Amino acid sequence: MNTAIDIFTVVAICAGAAFFMAGSVGLLRFPDSLTRLHALTKADNLGLGLIVLGLLPQADSLLGGLKLVAVWLLVQLASATVAQLIAQALRHRGRGT
Amino acid sequence: MNFLLVLSLVVPIAGALLAFGVGGRWVSRIALATMPLGLAIAVAIAAGLRPAGGSLVYLLGGWSPPLGVALRADWLSALMMVTTAVVISAIGLFARADFPAGMTETRRSFAFWILLLAVWGALNTVFLSGDLFTFYVSLELLVFVAVPLVALDGRAETLQAALRYLLFALLGSVLYLAGTGLLYGAYGTLDIGVLSGRIRGEPVTAVAVTLMTVGLMAKTALFPLYLWLPAAHAGAPAAASAVLSALVVKGSFFIIVRLWFFVMPGLAGVAAPQLLGALGAGAIVFGSLLALRQERLKLLVAYSTVAQLGYLFLAFPLALDAEAGRLIDGSALIAGLVQAASHATAKAAMFMAAGMIYVALGHDRIAALGGVVRTAPLAALVFLLAGVALIGPPTSGVYFAKTLFLRAADSTHQWWWSLVLDVGGVLTSAYLVMLVARALAPADQAAPSMAGIVSGQQPVAALALVLCSLLLGLLPWHAWLPLPLAVTTPDPLSLDALWSLVWPLLVGMALAALMGRRQNQRPLRMALWLEQADHALRQWPAAGFSLLGLTIMLGVALLLTP
Amino acid sequence: MSTSSDSRAGPPVRVAVGRAALFLAFWLMSAGYQPADLPVGLLAAAAATWASLRLLPPTATRLRLSSLIMFSLHFFRQSVISGIEVARIACDPRLPLRAGFVVYRCRLRSAGERGVFCALSSLLPGTLPTGTNEDGDLLIHCLDVTRPVVASLTEEETLFTRVLRHD
Amino acid sequence: MSAPTLAGLTGAALVGLGLYGLLVHPHPLRKLLGFNLLGSGVFLLFGIIARKGAAAGFAADPVPQAMVITGIVVAFCATALSVALLLRLFEAGGAATLRPDVGRDDSD
Amino acid sequence: MTEFLLGAAGFVLLTVAIGLIRVLGGPGNVDRTMAVQLLGTGGIAALLLVAAATGVRGAEDVALGLALLAAFASVAFVNSAAPEDDREAGRANE
Amino acid sequence: MSVIQALDISLAVLVLAVAIWTIVSRDAFAAVVGYVAYGLLVSLVWVRLFAVDVALTEAAIGSGVTGVLLISAAVRLRGTEAAVAAEWPGAGSRVLAAALCMVVTAALAAVVLTMPDPGATLAPEAARHLAETELGNPVTAVLMAFRALDTLLEKVVLFLAVIGVWSLAADGNWGGIAGPRRATNRQGALAFLAQLLPPVGIVVAIHIVWIGANEPGGAFQGGAILAAMWMIVIMARLAEAPAIGERRLRLALVAGPAVFLAVGLMGFAVANAFLAYPAGLAKPLIVFVEVFMTLSIAVSLPMLVLGPPDRPSS
């Protein structure tokens, strides 16, 4: 049972880390700011989500695990907003204002 | 009795909080009402010291050090607290006209009165604290009071002066904090009493004390780290300048004294106190000569502060007992603190006088001071008396301090410091003589139309302070301070005493004629060179190098101490 | 801020209770459950509800729970799929980017609903709302304009509209 | 090398770095950043002291930690006051320079 | 397991560092603002992993705090860099 | 080398790299962003040092609120860097300065390396007296009981900083308002965030203040989060900052230090010492004081960030 849980954790966290890497690769390779913004906000969010998912079974209690979910939800809200704000700012800049 | 220690911090701070909460016209009323109370507390502590055996201790929250924080009062605290209370009360009286309680709340009055109370609380914390970290917090309190005071007028140049001051003072605080941390890490306590029992001459102590001392020197504006002082002190409103020059810089000086004399008296070695004394000597000579070269009265007074701060640091080499290898908190230290008290009262009065002259003439250009004796006779008189008090006639605190210094130089065989003291006296006389000459000159223009009217209370407040400074030497110090019996106050009317007053004046006159700014004459090459050096030292790069260089010199001096 | 809520007779109690329950749940999530702490949790929920009602005055919109679950499932599935998509593009040696803007005519009219929808679609990989154009249509930036972006957005909007119920 | 020692060395390096920034950079805002780095380095020195003082069941000595918290608050206040002054100086004088005698009003 | 979690934390930090190099370089301030966002998400991930590995009590609260403030810096940037016409519009509305 | 050492080293390298970027980058804004990133990383370092209270403070203040302050300043000061370029000291001076700074660093590094392990500590003392404070978190016990004077004075520093910032106002704006005006339309992503996040932030902040008695957390960290939430609301133009002449604001600003002072003075009467708490009431009193301190902090920080009032109140 414990091994199964550990394997789940390892797999989920590895997947999460892979998304973080993909995000950074995107940041390096994508040609312009808007596309880089995609890489930044999407891949990293998914990465964090998977890491939280992997850590859930390692938490002491159910509520302890839910706290991690709360963290993830807040990051989601933040990056949803920031993505739009930065995209708008970029569009303004594109128009030369 | 001991609870008075707490009250001396709490009363001004509570006053500041209350004034802020109530606001409006009540701000100045609350501040003024706090003053007699604070003065009474300070006097009561000073009076209660001797019966209590020379020191009072209060354990905050009932927690004893090293875990808890203690307040301690001894003669140093009492001397500085009474001085502070007197100066603040006088400034309060003086400032009523400049910062009136109008029907509607105004920015300047609101800020000034609250800051005045806060500076009092902060200084009392400095004087009473027995804990290195509490020192840090109170140092920061002083910064947060002093900087808004500098910027109170809101002109671009005072804003800049305030920003320079803030950044440099913050640097000083952080260096001090770093040293505090290292001492805690090495000895597990921040309490001065406990620490002095544990501290040893290790490299970590040398590094910590170096950082702390240099940080505090930057805050005290000890030469050559004075880049912020002239503009800041000269740019503030008169009452604020008086606070800054008389009191705020003394706070950080006091902490250096606590650190060197009470935390590590046996670890100072020979070289480090000499270095501090040398910086003091440099301040005296450099600051005074530059005061001679100023065109504005307030700047002259500010440079005079740079010079006068130098005297305080002569206490370090002169207090060193070479045989015992430790700093003795005896007559040399007393001299340093009495000098601080005399300077506080005289300099506050001097800034007040400069402020009144500015109001009366509509400017403070030294070249155009002619006729001030008629336009603002009282202000001119106060200025003259304050200058005399700084030179030190036989009844004054400065004279008393100088006598103690000279005796200490004699008994420790360090003749060169007596030379510095004499030179300092001559230079101080020189700029006073120059000012008197200007003031007595006939007015070269019709009475200026911009002139304002000086309120009646203001000269009274300033005069009271000057008299304090002039008569400080007559106080029965022996009854109160741990002075060796051999030291006696000299007879103020003896021929020796008179001569010691007259000869610096005579030499000063000659020097004033030589060095001062004269119309239609080419300045001396040395004067120009001085001004260039001053200009460089007031820039960040040179000040930065001085700071780093001093850190390394002091560090080496302390590390090499056996 | 008070003006907008003053015009109403008072916030509907149901909304307040619903939000308070949500905030209490969040308290339990972040603080854990300890009976002694519960009064503080209730206080926190009350304070949060007060702030929430001032910042976001209740509207007549209600949520349908069953549709919300449906939508969430769709949303998570979609975000994983498109997350992989972004990752694939980033790591593909040929970098198959065909980035560009797509104009999307949003049927949601209320500002709040639109905000939620924009936030959700900005979380979905591949699409990024960058504001509105002169006609009030959403300008969506896409990593790959050749994909059926508008169609999938329409589907999401439909699912999203089902969650909302207007009284 | 243990984590506290490493943090301490980082702190020492930050002190030097911050000192350099504060003393050499001419722009006040950059000086302020230097000050913040300097302060942060000093706090990290407190951090290693706290961690090396772990005892009595505490993972770190609470006294230095409390001092750091106080220090962070004070550093923030200082930063806020500096920024306010700097912005006012910029508004009033049109420049953000610390060099004295620039734009000085020599008449009355 | 501890070693694995720490390794994962290190890996996430490393990838974040790589991304940081890219966005801090600009070209514009908007790009640089992304760096904060990048480090917000990655830092929280690393923090959670380290906390789970070393068992530091209360680290989740730090993560919660960071998550709450994750958008803060970007909001400040957008707010202060908002074009002047926006402010004028605000004034006209009064 | 173990994994954790590798992690610590890479964290230290990253912290230093971002710090160096902050100092050397040409552009002030880039430097500021570097500093915000630095603050985030440093709070990770604090977690590694098992100083979670500090990590929370650093996260909220060091990178959060300071970040906002500096970013706004950098945007407003854009273009002023070229003007001071002439004030750079010459290359020789810079090298010399760097060398001198390195001497300071070397001295500190030597001290760090020779520091005994385990070092001097007051942890056993604190542990012995912790029960008397009725708290579980030793850091809060130090802040609120053992070294309460410092905390009280620190709150006075905060209060004075607010006065200092306000005192920079133009005379005509005294009593007025700072910060952006309230907008009439509440649309856009920013308004969306400002409507959803603050209530959640309130819950978290209260949690952190409350838990601070026993676990990492406390008044300052909670107050800073509340302050951040309020600032988001102001920045999103959902509300205006209060006028500085407003009585309620003034009372909220002094509430923390004033209540602390009052409770401290009460100690004279009921516990035989200033800043002492009577047995059995220590924890409730400390929490009581913390509530007001949280309020003051939550109000002070936005006042500091918004700067002096720049328009009269209507």
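For reference, chains read A, B, C, D, E and F in written order, and residue numbers begin at 1 within each chain.
The working rule: a residue touches a chain if its C-beta (ideal position, glycine included) is under 8 Å from a C-beta of that chain, and two chains touch if they have at least 3 such contacts.
Because the structure is a prediction, the values reported are computed rather than measured.
The chains touching chain B as well as chain E are F.
Pairs B-D and E-F differ in how many C-beta pairs touch across them, and the larger number is found at E-F. The most distant chain from chain A, with centres taken as the mean of CA atoms, is B. The centroid of the Cα atoms in chain A and the matching centroid in chain F are 27 Å apart.
Work out the mean CA point of chain C and of chain F, and you get 31 Å between them.
Centres computed as Cα averages put chain A at a distance of 17 Å from chain C.
Centroids of chain D and chain E (each the mean of its C-alpha atoms) stand 22 Å apart.
Looking at chain A, residues 23, 37, 41, 45, 64, 67, 70, 74, 77-81, 84-85, 88, 90 sit in touch with two or more other chains.
Across the assembly, chain E contributes 33, 40, 56, 61, 64, 68, 71, 75, 77-78, 81 as residues in contact with two or more other chains. For chain F, residues that reach two or more other chains under the stated contact definition are 4, 48, 50, 53, 65, 76, 89, 93, 97, 101, 104, 108, 111, 115, 119-122, 126, 146-147, 150, 154, 157, 160-161, 164, 168, 182, 185, 188-190, 192-193, 196-197, 200, 204, 207, 211.
Every residue of chain D that touches chain F in the complex is listed here, in rising order: 1-21, 23-27, 29-30, 32-34, 36-37, 40, 43-45, 47-63, 65-70, 72-74, 76-81, 83-88, 90, 95-99.
Taken together, the chain F residues at the contact with chain E in this complex read 2-4, 6-7, 10-11, 14, 17-18, 21, 25, 27, 29-30, 33-34, 36-37, 40-41, 43-44, 47-48, 50, 52-53, 55-56, 59-60, 63-65, 67-68, 71-72, 75-76, 180-185, 190, 193, 197, 200-201, 204, 207-208, 211, 215-217, 221, 225, 228-229, 231-232, 235-237. On chain F, the positions that touch chain A within their shared complex are 188-190, 192-193, 196-197, 200. The part of chain F that touches chain D in the complex is made up of residues 4-5, 8-9, 12, 15-16, 19-20, 22-23, 28, 31-32, 35, 38, 42, 45-46, 48-51, 53-54, 57-58, 61-62, 65-66, 69-70, 73-74, 76-77, 80-81, 83-85, 87-89, 93-94, 97-98, 101-102, 104-106, 108-109, 111-113, 115-124, 126-128, 138-139, 141-143, 146-147, 150-151, 154, 157-158, 160-161, 164-165, 168, 218, 220, 301, 304-305, 307-308. Listed in rising order, the residues of chain F touching chain B in the complex are 89, 93, 96-97, 100-101, 103-104, 107-108, 110-111, 114-115, 119-122, 125-126, 129, 145-150, 153-154, 156-157, 159-161, 163-164, 166-171, 174-175, 245, 247, 250-251, 253-254, 257-258, 261, 264-265, 267-268, 271-277.
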